[in-house]
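Here the chain labels run A, B, C, D and E in written order, and each chain numbers its own residues starting at 1.
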Amino acid sequence: MSLSMLEDRTARRPSAGLGPYTRDYLARVRGGNMGALPAVLGLLTLVVAFSVARPEFVTAGNLANLLHQGAAVTVIAMGLVFVLLLGEIDLSAGFASGVCASVLAVLLTNYGFPWYFAVLGAVATGAAIGLVIGLLVAKLGIPSFVVTLAAFLAFQGAVLLLMKGGTIVAVDDPAIKKINFDGRFTPLQGWVLYGITIAAMLALHLWKRHSRVRHGLTADPISVIALRVVTVAVLLGAAVWTLNLERSKNDAISQRGVPMIVAILGLLLWLCTFVLNRTAFGRHVYAVGGNREASRRAGIHVDAIRIAAFVICSTMAAVGGIVAASRDASVNPNTGGSNVLLYAVGAAVIGGTSLFGGKGRVLNAVLGGAVVAVIENGMGLMEYSPGTKYIVTGVVLLLAAGIDALTRRRAARVGISLH
Amino acid sequence: MSLSMLEDRTARRPSAGLGPYTRDYLARVRGGNMGALPAVLGLLTLVVAFSVARPEFVTAGNLANLLHQGAAVTVIAMGLVFVLLLGEIDLSAGFASGVCASVLAVLLTNYGFPWYFAVLGAVATGAAIGLVIGLLVAKLGIPSFVVTLAAFLAFQGAVLLLMKGGTIVAVDDPAIKKINFDGRFTPLQGWVLYGITIAAMLALHLWKRHSRVRHGLTADPISVIALRVVTVAVLLGAAVWTLNLERSKNDAISQRGVPMIVAILGLLLWLCTFVLNRTAFGRHVYAVGGNREASRRAGIHVDAIRIAAFVICSTMAAVGGIVAASRDASVNPNTGGSNVLLYAVGAAVIGGTSLFGGKGRVLNAVLGGAVVAVIENGMGLMEYSPGTKYIVTGVVLLLAAGIDALTRRRAARVGISLH
Amino acid sequence: MTERPLLEIRGLSKSFGPVQVLRDVDFSVYAGQVTALVGDNGAGKSTLVKCVGGIYSIDSGEYLFEGRPVSVHGPRDAAALGVEIVYQDLALCDNLDIVQNMFLGREIRRGLVLDDITMEQKAAETLAGLSVRTVASVRQPVSSLSGGQRQTVAIAKAVLWNNRIVILDEPNAALGVAQTAQVLELVRRLADRGLAVVLISHNMNDVFAVADRIAALYLGQMAAEVRATDVTHSQVVELITTGRSGPLGLGATL
Amino acid sequence: MTERPLLEIRGLSKSFGPVQVLRDVDFSVYAGQVTALVGDNGAGKSTLVKCVGGIYSIDSGEYLFEGRPVSVHGPRDAAALGVEIVYQDLALCDNLDIVQNMFLGREIRRGLVLDDITMEQKAAETLAGLSVRTVASVRQPVSSLSGGQRQTVAIAKAVLWNNRIVILDEPNAALGVAQTAQVLELVRRLADRGLAVVLISHNMNDVFAVADRIAALYLGQMAAEVRATDVTHSQVVELITTGRSGPLGLGATL
Amino acid sequence: ACTANVSGAGSRPRIGVILPDSKSSARWETADRKYLAAAFKAAGVDYEIQNAQNDKSAFTTLAEQMITQGVDVLMIVNLDSGTGKAVLDKARNAGVATIDYDRLTLGGSARYYVSFDNAAVGTLQGQGLVKCLTDAKATRPVIAELNGSQTDNNSTLFKEGYDGVLGPKFTSGEYQKGPDQWIEEWDNTRAGTAFEQMMTAQPDIGGVIAANDGLANAAINVLKKQGLNGHIPVTGQDATAQGLQNILAGDQCMTVYKDVRREAAAAAKLAIALAKGETGVTTAKVYDRVGKRDVDAILLDPKAITRQNVRDVIDDGYVAADEVCTGEFAARCAAAGIK
């Protein structure tokens, strides 16, 4: 009855060195289990291609633009992951963000509330929206596609009414504008934050390894941890360095430093990942998405999980709406409209989240969001006629996703391909 | 080893009367197996509600309008059923219909081709589009959401290029305009068609019953067949009668008779239903959607089935595009855009098609399409501001779907609710 | 049989649409005893178990726990009574790994955070106790397990907890020789610890090896509930296939 | 064993990522004989069968049919050779009914149109031959079937066709006493008709009841391929659990 | 397709233009882009013309990129005032001069506004309809209104214009007010449905204000089905080939001709002046009711087109004769004196 009765065929023992680990990793890659690799590959290809086509793509200014531009869709995509993990869909997430942004703007501008009340109001609206959708889906059993299609329509109307039939509401509050318009860390603050992030990452990895080894469980070798941390440190460092360059074209104004939105995105990413990977709730989200009946039999409150996922999704949509309002410094009836929803779902799916539920990670939604943002940004630099631009955008998206698919392809060949 | 060893606990033997059949039907309804009933119920509620709110809703003229307005979305929804049955999605169906409509318009108007060549060109374009999408999905393994999102973008561009940057192209060909603009059967023709339809339905039912009884299998009692045929005959008869009333507002012109589009919709409905229910291909579509791995093991060409479904979907989208072009007597860059796709998928899903595949019928997509058309038409009679209208539309859609869900609800309680 | 049953089902009926699967079934399980539930394919054994577990709602019938009527409307109600069930269709989440499945719905936490290390250790120990030597890692997703490995995980999941009633629906179906022996031994041990155990099996050797009482279902009706020592192997088979055997069975009284 | 095998596998290896499941496995089946494939849970039996059926691609190894090397890249290739398999995980379409599942991929048609009546009749007959008396209607969706009923449908689906090799992966796991007897009889009958039959089972009684030859897998390696009459019950159990038994097994030669 | 090199951003003046979309109207891609480019090229400035394709996020992205690349003048046609304002503010902060082209950004910070007088467009439409109704001797006609997109400020201005003409007639009882709807995204298909439903709800509609030729064409198609085309006057705007055809056929009462070349020329001249560091010459002031300020503007006069003066549009070269005089229209063109 001892642990050693479980013959560990993977030969991954505590403290095995980098060599066997690499072999093991390569075997897993060949086996189709590649984590974030394909999305990163797709992203890299895009970046290289655009840099070649338009050199200004790789300037500090454009990197900052890219971050501002992609933030709202990425935040919405993170929230959508929760709903998609359950095998549900939320078509209304885009316009929900619009409704919440309108609430923010109306509270701020028309009623003169302080910014924190307005933010609270917007986020509470998001949560309430999610609650209603969740109740309709879980308790009445109406398919989420239909409920959220109805919500998609109704919210368009709600935005119009809140905006009094199409006038815009400016959002001029300096605190709100910090979020995604002109909030920047000073170069020094940027480096301090960077240091804290890297140190925390290292500490977490080492601590986890320490306790696993102490309990006699398999753990990643030190060398692997080092490799991982160094990779992240280099990439993040390069980004911080670039963003600390002067990017203002106007001598009167200085524009240096990491935009505030980066910290917000990082925090949300960490929070969502923590909830999904390290809490019972997150575990149950995966379980319900994987096999709803089995989860019910295991005593999980399936309905509560489903409702909570919709609440999280709409709340994140609210945050996305605030981010969008901040970037535009205003709200209008189109906020959250046009392609926001499709891009957000697309970001999640490109990142490897399954529409059938049970599979997906928040990090991948962020990578997918980056792919979408890079395409939008890069295409903005190209001078095509609108028709051509649409076509090229579609083709580029397909290529980015195709790289992903081809990399993953062995998975389907080797494993069981039940969806 | 005789058949009687299979004890038939449902007590449904050949020629059992109406009584036991009704009991049996009610038991099945309670058991959650209700076929088209919920969708019909939702539709009925809507019709009654709108008739009460706006009496002109139930005029002959409006019935004809309704048919013309809903036709394009319904046709696209029928095609989408094939793709949805496989658990795939086609986001590009709307704009695919736009591309095909543009091809039609350009061939007709700019190149002066005869209408049948133009139609052929449009339909062939649709098939080619489906082939490409299908190949990308089935052979490269890119998720259909991503492929068709890319296509969604690219086709918008294609329409713009075909329309030379956004001009409207008129479609004035009388043959094309017959399809969904001014094509009508004479009242006599209408009744003849009606007679043929009812007779064919009766004959098919009786023939099926006859051969089942001859082979000693269970079959529906005559009384049930009679009931079914009479119900359909009465409903259809009422529709034909209404459409044969004069609906012209202009004394100089007579507008009587069943619009041509009704026959086209009927034909497509019959064709799709036949393919799905009576051919090996249709069976395989359900099988692949239900369990792809099991289908593969059973030797089904899974990839071929998937490609074919996309081809059918895009081809039907092409037909939908032609129908839309005929109704507008023109094509513009918005044809197939705005909410066409969401409404089409919504129509299929409201009708009970599962986004997870394996479940759904074309008839239900038509009923769902009717729900969507009734809502749009009825809302058009109400005088609301755009904001209010969106909200009310959403709420009404939710109510129609809610009736459906509540009727079906026992199913979830009784049966296994694995999705 | 004067002792009071721990769980008693009275007059249970259950239909799916027009098909009546269980008719007026009485069924009792006793603490400290192994009750074998036998019956032909499609007799309604699994349906009965699912009604007990709250998976299916019942059409009519009573549910008595320690003599008191209780109402069970879902798996949580059954779990609250201390009823643990290994279903025939296993009900594992294919996308989760072995540890995650074994602790599903009852995760061990430290504060808010899952205590994965403790769970991993416990899972490995329990599995090892069931003679599974071929599992590469307890971090493997269950979708990659062999039939027997899946079954072992499901069994391990059920016996990990201290309950009052354990119901096993054909737990040995996919198990090897050694594993089957382990499970039978486990069943006996659980009963000896005072739990009420229900074992569904088509294998008469297994049934007679551990059962104290045998209940035979025939076409949705309870044909007989008897002490295992009172009947022979062939009598039970007769009950299963025809619903009666001499004085026993439908239409006869014990 | 001088006779030429109908199907021969040589040096088959198969890994899933870092886990090697089959190592250099040789396996032969002979026309007119029942070959029992035994092994512990997770030994690799189902994996071997799936490689034979073209479900999994193989890493290395040879596939000989009637002595000629063939390549099998998918289920269709296997089916073309006349190999019919009942998989342990059954692989039925839950949304289809019994008749539709039984004829899946081989529907009977009249012209373009499916001949549902003939299929329904044939399905009912075949099922009746397998002693299933509790199926309400062959038009029931398989999702509503009991475990044993599902298994029967899968078996019926495989034997409906005239093939050269039939492989049954634990066909009796969920079957009742009478049904098991029927299936064993069927297996024997198929072999007597000249088919090569492979039977995977954990039940030694079943194995010895019908098998001509026994192949034992141990941790992914073929421990022994022997005539059933040459070994005893306990020798086979030893081969299964330890990989060797006296002169037999890994490291020894026959 | 139309930029000189990027590197010379410091020396040569540089102008960025963002057009709104290509679907609500064909003019942006087929006319504005062409005329603006020609003017810039002639003046020897660097320029970049992009189209936001009705995507607000893309709109902001394009603006940010132009500012990043150091344009001296940013000229936008906003999608709605919200994004427009954000973009203008960003440009102002970066020291870039701004021009609102065609659409005024309410509450925005644009230095100049160049457009046709949109209220005047609406007035012409109202007057045109009144004339057609008078010619047809209609008595107490019910007037239906198909307005443009509610989120487009110009739509509001058009509506102000024609309601200014029609409102008194409604009050006097000379005309009756009928259904009145905004058409989202100027979508022609939606307009068709909306008008069909208007006709159902109020079968005695006697005149239609349609805010542009696309909406007009949708309404005319519905009328055609009833054989009422030509009997019920419909207004339009933009002088598109199809609108002109409808006018020649007698199905459409009038359209409003806004010579884009003049608008583009005026805007280009202003932009070039600003880019070279000169001040612009304006002719009017427009009041921004949200921002509560007067904006320096150049407002051009639109022109009403009826069957009598269709040839003016073609003679101007704004629409080519062979686009209008296809097939059956050849004879009508001849009748209208178009060659």
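To be clear about the criterion, a residue touches a chain if its C-beta (ideal position, glycine included) is under 8 Å from a C-beta of that chain, and two chains touch if they have at least 3 such contacts.
Which chain is which protein? Per UniProt: A, B = Xylose transport system permease protein XylH; C, D = Sugar ABC transporter ATP-binding protein.
As the structure is a computational prediction, the values presented were derived from the model and not from experiment.
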Query: Starting at chain C, what is the smallest number of hops through touching chains needed to reach chain E?
result: 2
- prompt: Farthest from chain B in C-alpha centre terms, which chain would that be?
  reply: C
Field: Chain centre separation in whole Å, for chain D relative to chain B (CA means)
entry: 43
Message: Using mean CA coordinates as chain centres, what's the gap between chain B and chain E in Å?
response: 38
- prompt: What is the distance in Å between the mean C-alpha positions of chain A and chain D?
  reply: 47
- line: Going by residue number, chain D touches two or more other chains at 16, 19, 132-136, 144
- prompt: Out of chain E, which residues touch more than one other chain, so two or more?
  reply: 22, 29, 150
Message: Please output the residue numbers of chain A that touch at least 2 other chains, ranges allowed.
response: 9-10, 160, 165, 291, 293, 296, 385-387, 389-390, 415-416
Query: Touching chain A in the complex: which residues of chain E?
result: 1-3, 6, 21-22, 29, 48, 50-51, 53-58, 60-62, 64-65, 67-70, 79-83, 85-86, 89, 93-95, 106-107, 150-152, 156, 290
Task: Please name which positions on chain C make contact with chain A in the complex.
output: 53, 55, 74-76, 79, 85, 87, 91-96, 100, 104-107, 109, 112-114, 117, 120-121, 124-125, 127-129, 132-138, 143-144
Statement: chain E partner, complex, touching residues on chain B are 54, 56-57, 59, 61-62, 65, 68-69, 160, 163-168, 170, 181-182, 248-250, 252-253, 255, 324, 327-330, 332-335, 337-338, 376-377, 380-381, 383, 385-386
Message: Quick check on the complex: what are the chain C residues that touch chain D?
response: 16, 19, 39-43, 45-47, 88-89, 132-136, 144-149, 152, 170, 173-180, 202-204, 219, 237, 240-241
- line: In the complex, chain E touches chain B at residues 22-23, 25-26, 28-30, 150, 179, 181-182, 184-185, 187-190, 192-194, 196-201, 203-204, 214, 217-218, 221, 224-228, 231, 240-242, 245
